[in-house]
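Chain nomenclature is as follows: A, B and C, assigned in order of appearance, with residue numbering initiated at 1 for each chain independently.
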Amino acid sequence: MSRTEKTVGELASLVGGQIIGSGESEIKRVASLDAAQQGEIAYVEDENFFESARVSQASCVIVPENSELSLPSQIKVKNPKLAFALIAEVLHPPKQREPEIHQSAVIAETADIALQVFIGAFVCVGENSKIGSGTQIRAGAKIGDNVTVGSDCVIHPNVFLEDGVTIGDRVILHAGVVIGTDGFGYVRGDMSYHKFPQIGTVVIEDNVELGANTTVDRGALGRTRIGKGTKLDNMVHVGHNCDIGERVVIAAQTGISGSVTIEDDCVIGGQVGFGDHIHVQSGAIIGSKAGVLPGKIVRPGVWWGIPIQPLDQYKRLNAHLSRVPAMREELKALKDRVAELERQLLNRDGKD
Amino acid sequence: MSRTEKTVGELASLVGGQIIGSGESEIKRVASLDAAQQGEIAYVEDENFFESARVSQASCVIVPENSELSLPSQIKVKNPKLAFALIAEVLHPPKQREPEIHQSAVIAETADIALQVFIGAFVCVGENSKIGSGTQIRAGAKIGDNVTVGSDCVIHPNVFLEDGVTIGDRVILHAGVVIGTDGFGYVRGDMSYHKFPQIGTVVIEDNVELGANTTVDRGALGRTRIGKGTKLDNMVHVGHNCDIGERVVIAAQTGISGSVTIEDDCVIGGQVGFGDHIHVQSGAIIGSKAGVLPGKIVRPGVWWGIPIQPLDQYKRLNAHLSRVPAMREELKALKDRVAELERQLLNRDGKD
Amino acid sequence: MSRTEKTVGELASLVGGQIIGSGESEIKRVASLDAAQQGEIAYVEDENFFESARVSQASCVIVPENSELSLPSQIKVKNPKLAFALIAEVLHPPKQREPEIHQSAVIAETADIALQVFIGAFVCVGENSKIGSGTQIRAGAKIGDNVTVGSDCVIHPNVFLEDGVTIGDRVILHAGVVIGTDGFGYVRGDMSYHKFPQIGTVVIEDNVELGANTTVDRGALGRTRIGKGTKLDNMVHVGHNCDIGERVVIAAQTGISGSVTIEDDCVIGGQVGFGDHIHVQSGAIIGSKAGVLPGKIVRPGVWWGIPIQPLDQYKRLNAHLSRVPAMREELKALKDRVAELERQLLNRDGKD
């Protein structure tokens, strides 16, 4: 949440956009159309918000390239929301913290801390762990032994990384994230459960972001992996030996049992539940609150419901089900008509 | 969990109740009817528990005003459970901690800490943050820069408040609460996701209580708000830009996506899922495990199911659905009868 | 994740198994059949994996006692997976930490810490709390006043135990666990909610394991209990006054409202929701994502769905429901046939 300042022209060139009107205004912040003031830039995606764009106080508005808005200062681009995000990255870079190791931090002598690292108060870093350049380890984070954290990461307060975990570059772990605890595996004995060994590892690849209080268990014997550029929301549970691909998006409170594979570019809603040994193929989209049975192969497409079905089929079935009360009425009426026919035929037989 | 001691008379006057029997007994604690002993006060709400009240060892029982129980010492009130809660507030006030700043705490020089504040071990308070009088910040809590915490709050261990968050008076944040982390918003580029700016704020108003490990994301561009007197259970997720009104009650593990409005006096069950941009009108009640589709307007009344329907309708539909197996039988029988009729008519045609 | 080393003979005798082939090989680690190398032991449960066993590089494979595999070194046992777990307990004992009280820890003078205890950095232990021999309290864990922790426990980083909580022996609490916070109980007044007293306790019995970020609320007036040998996964919510029996297994993200009883030896899936005052009888199995209505008595057997039904009945009903679209077609066709019959009879009446 630091700030910097750019001209409209600099921002347009950053996103490969075309300036309409003045390119000289200084832009300090991004804002929504409604709230934007002098010195702020907003964006508009479609015609529904053109009127808001017309009355916005923003110094500049990012607009779709084929729009015909008349505004004092516009940047025309193909994808205004993406341009807005890219501009925000420049105007509001993540908070930088000067390299420092707080005097209260407890760093093992064998730990290998790069020069340009921020380590906050009450942080622990264990034996043989490595912290890459540009990384921030904020107050109260606890890092075990033999952990590798790449460069330019932000490890937020009270995160815990268990022994042996590997974190790539530019990873963001929000407060309360827990990585590398034992998976949930037991073998029933006569009158007790014995822990199935949970001695594997976790690998979190580059550019991953994990939301607050999300947990990722270590592999039982192998590893748990979260691929490059994948984003998880708050309180997601990732079980042991899961293999989650690249650019996967998973919304809050979804739970993933052990040994689930989710291939690249899947989109998973919130509060979804996965049984174990599921294989989700690249490009699948699973709606919020869905339930996926153990062992299921989920093909590309949009899926919904408990247990999941293709969205079209789910909608069709539900439309049919909503007709059941009417069907009962129709069935009853039909029975009466059949009874009447039977009565008539019987009467006639009597008459014959 | 401190304790104090009052006479039955003092307690009756506190809750505006009528004493039946002695008002002199000293009461030290509240207890359930079954477990209560000498020196303890219990309550009974309705006739189902009158027999328990008769055999209770409690020194005094709070009873409904129209009840005709014969007990050694009673307080008659309109709402016994409420009176019990009010009496418990007096007999068991929240634990007080003497004002102190633990020597291990790391407090920025620019922080403004009121005189009567308890700050526990391993706490951080960042630049320009303000802590109001009577507030307790317990061990391991981490408070960022430019945070305002009002008076008489209890911030339990390992809570994290990110930069710029505002907390009202008499707020209770249980252990592991995380407030002000980035919301979950990305814009898809060609082969990666870019963070949609998450640069807004969070405002938690007076008398709010948030359960353990609950998370509240900051607004993307605006703010996330939780209104006065609202109570959230454990592990609730509140997304960016949500506006939750006053006196709302939300049970555990419910997840609320971005830009959801919940008006005053709603009651939301546990494990409910809200899509984004939902508007729940004042007085709505949503049952546990319900799912609310994005953009939905939820009117006052009782709602249930995935997706939500009025409870009556939900029950009716489910009653109908449970009749489907019988309907299939009836349909089959009817088909046989129609076939028989067709056969008879055909035979007769043959005979004619 | 320490290591030790045993011969095949020693391991076979540990699990009461029969050695086929050499008993002399030194075994250092457990591994999966596929990944195992020289010095590692794997297991195979059934014929589906016999081929993998044949090509495995493991120095020894644990096999079912009636199998007829030809491998260089085998241990035959009744339950290979259990034997594997028992062997892993020996080869990979939990990490030991030398007794130590880190100089940064804040321990109340009245606390009673056994001699052989590890207390990590930034730990707090409150007044009159007791920590048993062999227990590890890892960095950043916070333990309140009057807490009892038994012997040989592992309290992982950033755990919080509130005042008065009791923890048995050999209990494992993973990072971020919160025990003993106020339950979620309020009484509505005119224009606000008052806290129903939350002044009870929590008892966690021997050999319990709680997953990361799991929360257990204290009893309102009585106690919340988790019985011996019970295992909870990550982010499980246990409400006030729950009584969970022995050897119960509960998967991730399940939420249990107040005053729920779950008897011994139940198995509960993930993301299950329990209303309050439910009684689950010993041996019941409840499938993932199920919802149990308040006050329900759940008998032994397998349960499924929202609200729960016996699994067989659930499957049968769903099979019927999937036939509804076809039923609508059939009903329509039947109406046409009845109309045709009616027409014919009418015509005939005309002719008569």
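We adopt the following convention: a contact is a pair of C-beta atoms (placed from the backbone, for glycine too) under 8 Å apart; a residue touches a chain by one contact, two chains touch by 3 or more.
Given the structure is predicted, the values throughout are model-derived calculations rather than measurements.
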Touch-connected components when chain B is not counted = one piece
Taking shared numbers over all numbers used, above half giving same and below half different, the chain A and chain C interface sides are different
Measure off the straight-line distance from the CA centroid of chain A to the CA centroid of chain C, and report it in whole Å.
-> 26
Where chain A touches two or more other chains at once, the residues are 104, 122, 140, 158, 176, 213, 235, 253, 271, 306, 321, 324, 327, 331, 334, 338, 341, 345
As the complex stands, chain A meets chain C at residues 104, 106, 122, 124, 140, 142, 158, 160, 162-164, 176, 178, 181-182, 184, 186-189, 191-197, 199, 213, 215, 217, 221-222, 235, 237, 239, 253, 255, 257, 271, 273, 275, 291, 306, 316-317, 320-321, 323-324, 327, 330-331, 334, 337-338, 341, 344-345
Listed in rising order, chain B residues that touch chain C in their complex are 1, 29-32, 35, 79, 81-82, 84-86, 88-89, 92, 95, 102, 104, 120-122, 138-140, 156-158, 172, 174-176, 207, 209, 211-213, 229, 231, 233-235, 247, 249, 251-253, 270-271, 288-289, 306, 321-322, 324-325, 327-328, 331, 334-335, 338, 341-342, 345
